[in-house]
Structures are given as C-alpha cells and as structure tokens.
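So, here's a batch of structures to check.
Shared between the two complexes below is subunit A, which has subunit B as its partner in the first and subunit C in the second.
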Partner chain A sequence: MADLYFAGVDVGSLSTDVSIIDHSGKVLSEIVIPTGVNGSEAAEEAFGSALNLADLTREGITAITATGYGRASVAFATGKTTEISCHGVGAHQLFPRTGTVIDIGGQDSKVIQIDSHGRMLDFTMNDKCAAGTGRFLEVMANRLELDLDELSSPLNIKGESAPISSTCTVFAESEVISLLAKNTPREEIVHGLQRSIVNRIWSMVTSIGVEGEVTLTGGVAHNKGLVALLEEKLGLTLNIPENPQTVGALGGAHIARRAYQSNLESPTN
Partner chain B sequence: MLRFSKHETTFNEITKNMNISIPDRSEYLKTLAQSGQKIMGVLPALYPRELLWAFDIHATEIWDPPGEILHANAHLQTTICPIVKKSLEFILKEPDIINAGYLFPHTCDSLQNLGTQVKDLIGVSLPVYTFYNPKGSFNKMTTKYYRDILQNYQLTLETIYGPLNPEKLLAACVLSHKIDSYLLAIQQARMTDHLAMNNLDYFKLMRAQEYLLPSDYLSLLEQVDILDQPSESPRARLMVSGILPPTSEILRFLDELGVGIVADDLLAGSRRIPKFPMDTPVSPLDYLTDRFFVLPPCSTRGGDLDERLHHLSKLMDASQAQGMLFDMIKFCEPELFDHRLLVKTLREKNIPVLTLETELDSHISGQDKTRIEAFTEILFEMASA
Partner chain C sequence: MSIRAELKYKIMKDYGAPALMVLQDFKRRKPRPIPEAFGPPLESNKRLKEILSRHYFLSRYTPGVKKVAWVTSGAPVELLRAFDFYTIYPENHSALVGAKKQGADYCGIAEGSGFSQDLCSYARIDLGHMLSGKTPAGKLPKPDLLFCSNNICQTVLYWYKAIAHELNIPLIHFDAPFVTTEQTEADINYMAQQLQDMIPILERVSGRIFYLNIFEDILKRSMETSKTWGAILDAMKAQPAPMTIFDAFGHLAPIVSLRGLPVAQDYYHFLMDEIDTRVTQGIGAISDERYRLIWDNIAIWYKVRFLATFFAERKMNFVTATYTNAWAETTGYLDVKNPWTSMAKTYGQIILNNNLKHRLDLMKKMIKTYSVDGMVMHSTRSCKPYSVGQFDLRKTITADLDLPAVILDADIADERVWSEQQIHTRLEAFCETLEGSKHG
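Right, the complex of A and B next:
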C-alpha cells in the first residue's frame, strides 16, 4: 500500500489545521493557520501549505476528512466527521492508553470518552457561551494587555490567585476591571482566570467521569499555567501532545485512512 | 357543530413521502371557526377530550404557537418554560379561532399557575376552566378522584351548554378508541420498520391530532400505509424522550443523517396513547377512567420512576433503539426531575444518551448540530461493530 496519503482538515472557530499522513500513519506535515472570516479559503490555504511541506500534490491524496465547525465548507474533502470523534481518534493515535480527551478550543470545550480503539463512547460539550474556552482567555488577555504567551507563562503556576467568581465572559471581564482598579497584580488575576476555566472544565469532566489516561488537546493546551492547575484539580498528569491544535486534523486523517482501508476490505470490492 | 364525518377543507400542505395531506393548523382552524364550530383552546397535555366532543366542542391544543414572546414576559418569571410563555402570548392576543374558552389541565405547577393567572389576574373575555388531573398511579383513591372530576367538569359544561347527550358521549368514546387503535398500530409499525415515513412526516402526523377534528384525524390515520414487509432499516435507530418532538429542523437533520426515530416517550407523542389496546367502550365513564390510567408513565403525573424506566426499556427493546435523545424544554421542572436518574440508569446499561435543551426556537445552533452529529457517529459505530 505504498504511496497512499491521507489528510484531515480541521476548520475550527479560530484556527484551521491540516495533518497529512501516509498509509502507515506516519505524519508527513502539519499546519496551523488562523481561520479568519472565510473557512473555505482558510481550508484551501492550509491544505496547500501542508501539501507543499510534505512535497505532495493534491492528486496524490487518497482521502480527506473535513472536521471542525466549518467542516461543511471544505469542498475538496471526501468525507466529514465531527471534531469530537476526530479528537478522540487523534488522541488515541498519539497516546494509545487515552480514555478521556479534553479539547479546549477557541469557541468550544469538550470532554470525550473513548474506548481502547479510540472509538467515542460518550462526550459532553460546553453551552452556547464562551465560558471555559480559549476565547474567554483571549478576551481577558486583551483586557489585561497581555499576549497569549504571557497569559500562559509558567510564572503563573504558583502564587496567589485573585478571586474570579464568574465563568461568564462578560461578568468575568467586569470583575477583572475592578481587580485592576484595586491594583491587584496581573499575575494573580491571570491565575484567577485560569482557575475559573479549570473549574468550568472540571464540572464537565465530572458529568461524564474520567477513564484511563487523560489527553488534553486544542490550543489552550499551550497554556502551561492552566495545564498545571488542571493537573492539580484532576490529581493526575495530563498527556500533552507536541502540537495540540492539530490533534483533530490528525484524527481526521486516520479516519480517512480507516475508511479507505475498510472499503478495500468490504466484500463488494 | 362537531362533525363526525370527513371535514372538507382545502388541504394545503402536502407532506412528501406520505401521500396523505395534512392541513395547515391556522388555516384549518380559521375555516372551522368561520363555519361556526365551537372551539376551545386546551393547554397541554391530558384532558377529557371526549367530553368536549360530546358537547360539540372542538378541542384545539396550544403547545408551542409560533411568534415571538413579547407581552407574556411581563407576567411571568424568567425561569418559566417556553411552552407556558408561548401559550400566554397566544392567549393575550385573544385569537378569533378560540371562541369557547380555555382549558388548563393540571400538568405542572407552571401551567396551573398560568391558569389561575389568566382567570383571576389577567382576565380574558372567554371562560377559563381548570382540570386537576390526579397525580400518582392507578388505585382506588385516584380512580375515584378521576371519576369525580370528570363528572364535575361535565356539570360545569352542562350549566353553559345544556344537558349532555349520553349517546354522544359514547360515540365520542368510540371515536377516541378508534383513533387510539390506529395510533397504536402505527407506533408498532414504526418500531418494526413497517412504516415508510420519515421523522418529519411522522411527527407532523402525530401532532395533527392537536388541532384536527377527531373525524378528520381518523380519516388521516386510515390513509397511513402500513407495509406488509419491513422496509430498509435506518442507518441508526434512535428513541426520543421529552415533552415535544424535536423541532422540524432537527427532525430534518436526523432524516438527512439517516437516523430514524423508531420510538418515542414524548408527552406530545406516545405518552398520550394507551400502552395496550383497550376494549371497545360500553360505559363512557368507565372507559375514560380506565384510559387515563393505562397511559404510559409520565413525569407530569408523578408516579414511580422505576415504572417509567421499565416502560422506556421495553420500548427500546421492541424498537431496537440504540440510543436515547432527551430533548428537554428549558425550565421544564417535571422532566428535569426525572432526567438525572433516567440518564444515569441508561448510561449504566451502556446505552448512549444525548441531552439537548430547547427553547423552542426553530433555529438549530451549530453546537447542537455538532452534538447531534457526534452522537450519530457513536450510533453508526455501534451499528457497524
């Protein structure tokens, strides 16, 4: 089965990510770009860059799974699957003993339970608001005049945390404003914000439970302070992928590969 | 006057695949009101429709009338369910199609309070009736109580409409019995793939009983084709629980995905159909009392949760449903009360469960679409494993 390549294209609310693998599952290229205002253009651009990086042509890709909230806008995909299934499969590929996946993206956070084959068993997802998502952190970073790296620096792991009682973005923002007015150190505020997200995720985790190893995916896994707090709250060490934003795309590529293989094996072929 | 023959209305909504036509609700009721028919607006869910029919009153049900909630908010707390809000909005408009009054069954505290509010505080030009259904399951006390309230309601109606004609009541019970028999057969056919009807059409058919004259509804049911041989099974088999069926947009989406709703535990669906076929009515009072107590277990009637669980698992087995969708109306207390334990028990049995919350708006959010699709992926995996 040489020269067969598969791709996953994850059009998320903030980032569009592509992963290309070969028939054995080896990753050939991975790309993350901002989604911007046009999901289908972002998909085209990210896919083009991933092909260049892998030194492949579009015709050389056997099957492509589109995923993410903009999955329907990927015209060149051969199939589509939700990001929930894709993150499950992707996390299983990277950490085969994963039983629980926590994906914290820009607009959604999800807790996914998977079996020993990476198949999804159950999931839960945040409600309409941005509470407990990357967007929440971005709004707060803006208010604190910090960039995302500063907001996630390990410096924030220890130390006092300012009390932020709201998980709602709008209310939390006004709490931040009054804390700043009281000259509360920014690091304490950052710590308080991270804790607020962790509490939100915690309530989602408890609603479906933790099984096996826990893998954290999505862009917020870059936030080291938050990871440390989440580990403390869960009382375990999280698996953190090297590139947490492309786990959904990777899962999509594997789903495309599996679909192709099972098609070959089906008795009608 | 209530007709027991086929009603002649222009059926202006033809449902695809079904080859039968279901009239549009507001057009139909408008025509009916113009023809001089007495029409009572009835709030969800269980009420002695046969008694109203016997007085030549058409009961049209008010569940989720379309339109924005504007004025009702001024009278209600924010934590009241949208069914109550939408109903009040509708009542406040004093629509022409309702000319015989409003009936508020005691389905839940919110509806009971609404009844009192409409009657005593807000005030409408038409009479307002209440009907206090018994809570709890079949026993001597509850059956006696139910007979008493039926007789009381009959007396109330007699003071306005004159003495009840017992033959008309028996005829109404016979009609009701026929409708139930058809509905039971159709429900059974759906569970076993003997019904060539998609999700959207199925629930359109179920919900037509909320506003069609019983005779028209019966003739609609008579046209439903029950197949001799099972048709192709849907890609995934789903059961739905809750108050109302999922919105049309969700039903359409499930149809697109190839997911068939093969059984339901909906207050506006199978919870209104007796659990098993009943004998042809002889004594109306006995029949009506028996019928009330052979309806499936329901959160709005109190009772034993184990009984509800048992009923759900029987339906899931009979329909081979692989998963359960709880379509919860926001702030619906009775349903929320049972929901937690139902979900827990189903999960313990490794049955996939998805809960959606609806405010009855027709739009389906991107997040809900993803939830539904992801849930479907679990079911597809199960089906292919």
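Right, the complex of A and C next:
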C-alpha cells in the first residue's frame, strides 16, 4: 500500500495547523499559521504550504479531516471531527501511554481522557469566559507590554507571585493594572497570571481525574513558566510534544487514515 | 364583585376565548415544515396551545371577578384553589419570554433598575415585566396575593418580597425545611401547621370561606392529574419513545400552572390516550431512535428547537429528565384523609429541596429504567440549587454506570448566556464519545 497520504487541518481560534502523514503514520510536514479573520482562507494557505513542504499535490492526498472551530469552513475536507477527539488521537500517537490530554489553546482549554487506543472517554471544557486560555495570556501580555516569549520565560518557580484571584479576564486585567500601579515587579505579575491559569486547569483536571501519563497540547505548552507550575501542581512530569500546536491536526490525519483503512477492511464497503 | 365584570368574564370565557382560538388558527402561518429526523408531531400540541393562550387571555378579565395570585412552581397551590384564586405562574411566563428569545430584553429592564445579573433570569424577566408592563401574553392582571415556597430556592422569597414591596400586597411564604437526610416528624408538623395557619389570611384576601370538602376534591383532582402525568412520562420507556423530552418541556405547563383544575386533568387524559396509541403503533418521536439520553436541569428555553433538531439528526432522543419528573415524583404522598401532613410530605421532598444523594439515586434509577445511553447536564447560570453539585453527580454517574456525559453552560431564559461555537463543539464531542462507546 504505497503512496497513500492523509492530512489533518485544524482551524483553531488563533492558529490554523496542518499535518500530513503517510500510510504508516510518518509525519511528512507540519504547518502553523495564524487563523486571522478568514478561516477558510487560512486553511487553504496552510494546506498549500504543507503540500509544498511535503512535495505533494492536492490530488495525492487520499483523505482529509477538518477539525477546530473552523472545521465547517474547510471546503476541501473529506471528513469532520471535533478537536477534542483529534487531540486525543494525536497525543496518543506521540505518547502512546497518554491517558489524559490537557489542551490549552487560544479560546478554549480542555481536559480529555482517552483509552489505550486514543479514543476519547470523557472530556471537560472551560466555560464561556476566556480566563484560563491562551487568549487570556495574550491580553495580559499586552497590558504588561511584554511579548509572548517574555511572558513564557521560565521563572524561578520558588519565587514570589503576585496574587491574581479573579477567574474573569476583565477583572483579572484590572487586578493587573492595580498591581502595576503599586510597582509590583512584572515577573511577579507574570507568575501570578500563570498561576491563575494553572488553578483553573487544576479544577478541570480534578473534575474528571487523571489517568495514565498526561500530555499537554496547544500553543500554551510553549509557555515554560506555566508548564513548570502545572507540573508542580499536578505533581508529575508532563509530556510536551515538540510541536504542541499541531497535535490536533496530527490526530485529524490519523483519523482520516483509520477511517480509510477500516473502510478497506470492512466487507460491506 | 361587580355584576358587569362578572358578565364580561363569562362572555369572554364562553365566546371571546373560542373566537380568539379561531383567529389564532387563521393567523397561524403555514406550519413550519417538520425536519425528516422527526416522527409525526403530537396532535395534543394544538390543544395545549389553546389551553395556555386561553388561560392568559382570560386572565385580563379577572379584575372585579376573581382574585389573582402569583404563585411559584413548587408552592402547594391546591390550597389556593379552594378559594378560587386565578393563578399566574411568573416562572411559566418567564419561560415563555425566554422561548420567544426576549429574555435579555426583560432582564435588561430589571438590571437597569439595579437588580444583579447574577439573579435568576426568571426573576429578572418577571421584575422586568412588572416594571415595564411588557409581556408577550397581551396583558397580565395585577396580583392581589403572592404565594411562594422556598422548596425550590431561596431566590423566590426575595424576588416575591420585591414585588410585595413594589405593589404593596400580601405575601404568603411556605417555609419548607431542606431534607438533608430524611424528613422528620417535626418538619412535617411544622409545614402542616403553616398550611392551616394560612386559611384565615386566604379567607380575608379572597373574601371566601374555606370548605374542607371543596379542598379535598381539589386535592383528589391534583393527585389524579399528577399520576396521569407520571404515566405519560413512564410511557417514554417504550422504544422508540413516543415523545421527546423537548415535547415534554412544553406539555409540562398545565401540571405546573393549572394543577388542581379540571382543564389540566382532562388535558392529560387526552395526551395519555395519544401517547398510548403511539406506543401501541410503535410511532417514535424521532424517525430513527438509536441512542437514548437523559436531561438534567431546567430547559434552555431559547434553544429548545435547536437542541431537539441537533439530537434528532444524530438519531438521539431524550427520553427522561429530572426536570419533567419533578411534578410526578412526590405527589404519590398526597392523601385526602391526611391533607395537611400529606401536603407537607409532597411539597417538602421535591427534588430541589432534597439532598444530592437522593438526586444521585433517582438519576441512576432513571438511567436504568429508561435504558439511557448518555447524559446531558445543563449547568444553568440562573438556578444555583439545581446546578450546584452537578460536577459531582456527573463524576459519580459516569464512573459507576460507565455513561458518557456532557455539561452545557447556559441559562434557562437569558439568551446572552450562550456560546454557539463552544456548545457545538461540546455537543459534537459528546456525540463522538457516545457513538464510540456504543459501537467501539
């Protein structure tokens, strides 16, 4: 079975990510670009770049799963699956002993439980408010006049952190403003913000429980300070993918591959 | 009581209301096409609509004829019926406003007067109505009496106090001690005594005398009606289920707000007959029922159609709910021979006044007896007593029964509390788990 390729396209609220794999599951190319205002254009562009990178043509792709918030806008997809299932499958492919996936993206954070095949058993998600998500960090970075890298630089986690008690983005922002007015060092505020996200994630984790190894996905996994705090809080070491933003797309590609292969095997089709 | 007002009321009852029905029928645009995923709609829907429109329509002719009481859904209304009060249920009215997607508008009026956004939206909508006079029901009569019970929440007490203060009218509060483990003798006697103490006040406000035999007849009727409602819900154990819980949310209105009246009793016989026929003929509410679900908490009134369609298209049907069950669950305690203590047992033990262990056991039983495959919990911003504890319930139920579940953050009637994208993703992911669990 040669020359079969599969793709996953994850149109998220902030980033659009594509992953292309071959029939054995080997990753040929991965792309992350900002979603911007038009999800279907971003999907086209990211897919085009991923094809170039893998040196493939559009016709060469056997099946494509669209996922993420913009999944309905991916006209060229052959199937649709939620990013929750996709992150589960993707994390399972990278770290087969994963039992729990924590995905912290732009507007959502999710905790997903999967079985030994990567199938989703249960999940929980943040509510309507963006507190506890990547977007929350971006709003605060802006307020602190820091860029995302500065906001995620590893900190001495034994250090002081400024108290940010609010669970609401708008209130937290005004807390940050008053901390700045009191000349609180920015590192302490950053630390406080990271801690407030970790606390939110923690309450989601406890609501569905931890099973097996824990894999962290989504762009916020780039935030080293936050990762250190989360590990401290959970009391375990997290699996961090090399490319945390493309895990959903990777899962999507595998779902497309599995669906294709099981169709071949099934005698009715 | 003026003769003129009474005559007008009678004319409206006998001629005005039927004429209105004809007019409504005439005005009704082409019926919306029924999506393929659904089975044939219930005949009873039309009758239900008539009963409710008529009830709201006639209410405006009550001044000078009947005393009007505003009542909470869990209050022991049978007692009021013995004095012939015309009852209006603000919760039902607020749900109506919510279903028309006007909740935010009414809530905004209340918020503008200083009521907090954290207050239950039923209360905010009602206060918005009181402050502005707005209503989709044409016009509502001013109450002569307010009657509430904290057996559903503490909110109703403060909400009704605000109305009592604004309109300067009497408020009767039925205090139901929360059942932490079991109802005690003392609790029952305390509640039974309160009910009897209300009689002189009700006589004064209504200008009528209390007759025990009239009260007993009402109690009997109320019992019988709740029993029929229970039997209707029971019939949803059939596979395929003859109606969806989204239908039941609508058919709930008479048992909540017309309980104890002949019109409700007759209505449920009518509905029961139709349901029985469907079960015998194997007619389902959705055309292809593959998965059976349970709903927890009050309806999301502004999204009933959306949710019904979303699930029907995926061959999923809600066959039971803690919410619809609440008006059948405890009425078995009613006993005409012991009216006061039996009312105390009935109204003191309703689901929202009972502990979480009770709710857990009840839900587990429902999941088993209705052959349920998955659970959807609506965590509603408005209703704290219903929503607190859901995370624990979910955790225990999914673990013990291996049942996929999802929690939706929304509201009963304030449509601003809704995030379409997020809800969609949650629901689809839930369906993916459900499909995986049944076939995987």
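The criterion applied here is as follows: the second predicted complex is superposed on the first by the 264 of 269 C-alpha atoms of A that agree within 3 Å, B and C clash if a C-alpha of one lies under 4 Å from a C-alpha of the other, contacts with A are read in each partner's own complex, and residues count from 1 in each chain.
As a working rule, a residue touches a chain if its C-beta (ideal position, glycine included) is under 8 Å from a C-beta of that chain, and two chains touch if they have at least 3 such contacts.
All figures in this text were calculated on a predicted structure; none of them were measured in a lab.
**Q** In the superposed model built on subunit A, check whether subunit B and subunit C fit or clash.
**A** Aligned on subunit A, subunit B and subunit C clash with each other.
**Q** Please work out whether A:145 is in contact with subunit B alone, subunit C alone, both, or neither, and reply first, second, both or neither.
**A** neither
**Q** Let me test your reading of the model: by the given contact rule, A:69 touches which partner, first (subunit B), second (subunit C), both or neither?
**A** Touch status of A:69: both partners.
**Q** For A:265, decide between first (touching subunit B), second (touching subunit C), both and neither.
**A** After superposition on chain A, A:265 lies in contact with neither partner.
**Q** Thinking of the overlay built on chain A, is A:108 touched by subunit B (first), by subunit C (second), by both, or by neither?
**A** both
**Q** Quick check for you: in the superposed arrangement, does A:3 touch first (subunit B), second (subunit C), both or neither?
**A** In the superposition, A:3 contacts neither subunit B nor subunit C.
**Q** Between subunit B (first) and subunit C (second), which, if any, makes contact with A:59: first, second, both or neither?
**A** neither
**Q** Looking at subunit A, which of its residues have contacts with both subunit B and subunit C?
**A** On subunit A, the residues that contact subunit B in one structure and subunit C in the other are 69, 81-85, 108, 119-123, 125, 127-128.
**Q** So in the complex, which bits of subunit B are touching subunit A?
**A** Those in contact with subunit A are residues 347, 352-353, 365-367, 370-371, 373-374, 377-378, 381.
**Q** Can you check the complex and tell me which residues of subunit C touch subunit A?
**A** Touching subunit A: residues 391, 394-395, 398, 404-405, 407, 409, 417, 419, 421-422, 425-426, 428-429, 432-433, 436-437, 440 of subunit C.
**Q** Spell out the part of subunit A that touches subunit B in their complex, as residue ranges.
**A** Those in contact with subunit B are residues 69, 81-85, 108, 119-123, 125-128.
**Q** Given the complex with subunit C, which residues does subunit A contribute to the contact?
**A** Subunit A residues touching subunit C: 69, 81-85, 108, 119-125, 127-128, 207-209.
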